[in-house]
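Several structures are given next for inspection.
Both complexes below contain subunit A, partnered by subunit B and then by subunit C.
The block that comes next holds the complex of A and B.
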């Protein structure tokens, strides 16, 4: 597979370390989280395989284009609209979490609106770039951040303060029945692949996707999920881990770099994750913007030479995300994230059935039409 | 289309320029000259029962250059209060600047505070506040936090407070100094089967420098238990955090001191019904550094045996004492939990009785490499 494909999957996994996912997982730490992790990795990999196989069969064609060729209008407009909204919300959830984090730890003096606005504005224009440009941006930021993140995680594992007794104690909760919410949160980590609905445009050549690739993805997924869940436990114990609102921030604050430029690792960590959050929001919103463009034919909304369609969408995105940032409390964010993850898990599990249908219809559909 | 491109660029420049409006004066951001940095936080018990907390903040006084002020200067803020956050809020009104806790690296709790079961409350505040580092050190101050925080030992420069260097193996690498970080204090406080342990900071008799060689174990609902220097050393050995230990062997007419550079403790806790067995295995590597009598290289195996016996006796004595009193700073209970399924786990109470009746087996394997430069 192309390396860009792995970026899509990896970024969604890594960026979610700061989102609500670890909070949800750790909330149910004595209530069936561990078995949920295993189930989540498995189901997540299954979804990844289904999506990749499907999109790989039609290189260069986006999901909306396929739907136009194979299904009726009454079906695909609502579906795409729903997906667009969901992907917008996925971006917003990262955005909110990160805004809260920055306010709490970086600059407690800056008002919430300004902080949110700064982040929204820095991302939103990127979303209107061409798909390939978005991917190039992703590559640059990712390659700068990723090695340092890996280094920090390596430091976490080799730290003497990481108490493996806590981790083993937590692991033994594997005998409990998996918790549904935790499974859904786990599956969400693997949903980076869904971005292919738009990003498939970039992958114009059929690529090899075999057992080796599946193993790589399963390995990445299990490693990320293991780290996401167990490292905070190793640093903070299991009894009151659910007390921590941002488990990973507390964990990065508990790591000490004795001879590093900055002893307190939390600031390095937050800066790196600023990059990751940026990428995650960029990807999600790019997909969302493209879907909205498709649904409302925004290119055609013109006043003289100015494209007001895009302007309206930008305003809408900025205003609604700011509104959500200002109204939501941390607890609500947590609750709605749970619902959101459950919803995505269900929807993207039903998707493969739709894929079967599309696949059958696409065989009959006019091939030349699809390539336009 | 060049004209369209131009229009786009113009539009973009216009938007970018309008961002500058947001930067007007940095109204919400405090510059460094408007902030004052806290270097240590001391928390004492006050005499006033209505305002139980006494907070002592040690503040750095900014100097223009190191040469002008080679001796350190600090200012202090002291206030009694009912809650910690409120007291600090009041203290902020005593200053013309904003208090910044981001650089505070040490939290000193007064001795009286320990007996007061207030640790949970204090911890709650310290953890909840995001700008207090979770890697700051926690220590107990004797006779109280105020004296420790205010004390400036001989030879301290204005670079940083000397007291920081004692902890975390940055300056001193003594085997008598227990280092407890804030996050570690929290997790051991919350968890069953392991008890938090804090170093005790004292000032020596003439008042010239600090002494940190004792420690105190805080159990959740019992009075704290103090360990003297020797016991602290053994706790460090068992916790695998001792770097290099000097250990005296005195038996069978020999009297020598060993330097143990490599100490590898391993322990297993097994349970059979209600009987708990603790198996400890320690590997020691080191050399002999001092002796009353002339030593013989060929007799190294014998010295090894003596060291093993001596160490075993001492460790057994310490663990027995801990067992009797019911303190567990090593985390034996936790180790047992870590390989028991959740449904079979003991409750806190059950573990405590089991620990009291536990069988302890200590195996010491020592490997003395040499007798030093002379025999």
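The block that comes next holds the complex of A and C.
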């Protein structure tokens, strides 16, 4: 597979360390999180395989184009609209989490609105770039950040304060029935692959996707989820872990670089995750923007040389995300995230059935239909 | 139109005829009419290859044949062409009702310069010359391929300099070449004097910060880039040439990179990339750390900075802007000044940016160190055009940092990366990690 494909999956996994996923997992640490992890990794990998196999069969074609060729209007418009909204919300959830984080830990004197607006404005124009440019941006920022991520993880695992007895104790809960919310949160980590609905446009050559690639993805998924869940437990113990709002921030603050210019790792972690959150929002919103563009044919809304459609979309994105930032509290964000993850898990589990249908009809599909 | 009529038409185009000279040669059975501009042609060549043979060769036919065999010989298709040839330093010869042009151009600017902008330790010290033909000679004599193609254009309504488009037919990016030719056709300018102007002429955007074409004076860089599939634009009278499409990494490459051993060249590249990050981030980091989040860096360091800022009446970003402003002024001044005075500028500037400013408590000691580090690391960027762009980017980052602290610095940097990626230079993405040479073999397409 192309390396860009792995970026899509990896960034979704890594960026969600700061989102509500670890909080949800740790909340249910004594009622079935561990078994949910195992189930989640398995189901997540299954989804990844389904999606990749499906999109790999039609190189260079986006999901909306396929739907136009194979299904009726009353079916695909609502479906794509739902997906666009969902992917917008996925971006917003990262955005809110990060805005709260910055206000809490970094620049407490800047008003919430201003901080949110800056984040939105810095990302939103990037979402209108061409798909290949989005991927090039991702590659550069990711490769700048990746060594630091590896360093932080290395630092975490070699830290003296990481108590493996806590982790072993937490592992004992494996016998409980898997918790549904935790499974959904776990599956959400693997949903980076859903971005292929638009990003498939970039992969114009058929690629090899065999057992080796599946094993790599399964390994990455399990390693990420293991780290996400067990490292905070190793540092803080299982007793009070469900009280932490941002388990990973607390974890990164437990580490020190005694001889370096920056002593507390939390600041490296925050700035690094600012980059990762930026990428995650960029990817999600790019997909969302492209879907909205497709549904409302935005490129045709023109007044002289100015494209009003894009302007309206930017305004809508900025205004609605600002509204959500200002109204939600951290607790509500957590509750709604649970619902959101459950919803995505269900929808993207039903998707493969649709794929079967599309796949059968694509063989005899009217190729010219998508072009007008 | 007969040749005589053409000649009289050409003469009638000139108001002041003292420069244009018409000679009628008439000896025995031989006749010829010559027309030239005295100040443009090489008179020795004229004497040796046109006048002498006229008297030495026995017949009109032999003289005619002799002229057609000269390497400078050209036929004249129309009267407008005749006028143009005359203005370019050719001698027009009318013989037996036919009109020919023979190139005897005298150029005194054909000496090869020595490198002054892109100096290196290893490698050639010779640069291009001011003369187009000499430059093409230099390129051709170090690039031996039959596929090397040179096309000439006349651009600029008034001064009509010759513009040469040089590329390797086999290796050139077809799409980029197409775009450059289309844009060249659209150029509508009165006066063109330097190759560097094409950077703006061939750019459709009105406001652009980063250069889309790379400027060079080194023949080895020209040859290297020709082989890499770039198109080279040369203008007569300009000692530098432009190359397109240019990507970000071209601006961070020196020709010396290939002359060193591998590890040394990696080390130098690393140094250069660290330099570029340092020179855009350092002022921002100082502002962010001093004014927004002093807890980020270790306590001892922050105490040192705070201690050295004692007595400084400004906030950190005013301090940075104040010092940067003087550094930029000093840079600009030292370019424009005559060589005799520039030493004074350096001394005076050294006083401002040196210890005096800290003794007067207008800036902290650490600030002086940071500004010097920033200035030095700006000079590490090998191509000057990029250094200018980076200087402006630095100010943008200072602005975002002054408002949002270190988070603003990071976001600003991300936005600039995004902006760079979104730029295209003649169809090529301006910034991406790998540039594929073999278009068909990669596994990704372009969307």
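Rule of thumb we're sticking to: the second predicted complex is superposed on the first by the 365 of 372 C-alpha atoms of A that agree within 3 Å, B and C clash if a C-alpha of one lies under 4 Å from a C-alpha of the other, contacts with A are read in each partner's own complex, and residues count from 1 in each chain.
Operating definition for what follows: a contact is a pair of C-beta atoms (placed from the backbone, for glycine too) under 8 Å apart; a residue touches a chain by one contact, two chains touch by 3 or more.
Since this is a predicted model, take the numbers as computed values, not measurements.
Legend: residue contacts after superposition of the two complexes on their common chain; A:129 is shown touching subunit C, with no touch to subunit B. Of the two partner chains, subunit B is the only one touched by A:240; subunit C is not. When both complexes are overlaid on chain A, the residue A:263 reaches subunit B and subunit C alike. In the superposed model, A:169 makes contact with subunit B only, not with subunit C.
Applying the stated contact rule after C-alpha superposition, one finds that A:202 touches subunit C and leaves subunit B untouched. Contact with both subunit B and subunit C is seen for A:107 once the two complexes are overlaid on the shared chain. By the document's definition of touching, neither partner reaches A:332: not subunit B, not subunit C. According to the touch criterion, the shared surface of subunit A, contacted by subunit B in one complex and subunit C in the other, consists of residues 107, 110, 118, 263-264. Note for the complex: subunit B touches subunit A at residues 4, 7, 19, 22, 28-30, 102, 127, 130-131, 133-135, 168-170, 181, 183-184, 186-188, 190-192, 241, 331, 334-335, 337-343.
Residue ranges on subunit A touching subunit B, taken from their complex, read 30, 104-105, 107-111, 114, 117-118, 121, 160-161, 163-166, 168-169, 172-173, 175-176, 235-240, 250, 253-256, 258, 263-264, 305.
If you check the complex, the residues on subunit C that touch subunit A are 292-293, 295-299, 301, 404-408, 410-412, 414-415, 417-418, 421-422, 429, 431-433, 442-447. Of all the residues in subunit A, the ones that touch subunit C in their complex are 2, 4, 60, 102, 106-107, 110, 115, 118-119, 122, 125-126, 129-133, 136-137, 139-141, 143, 201-205, 207, 260-264, 267, 271, 274-275, 278.
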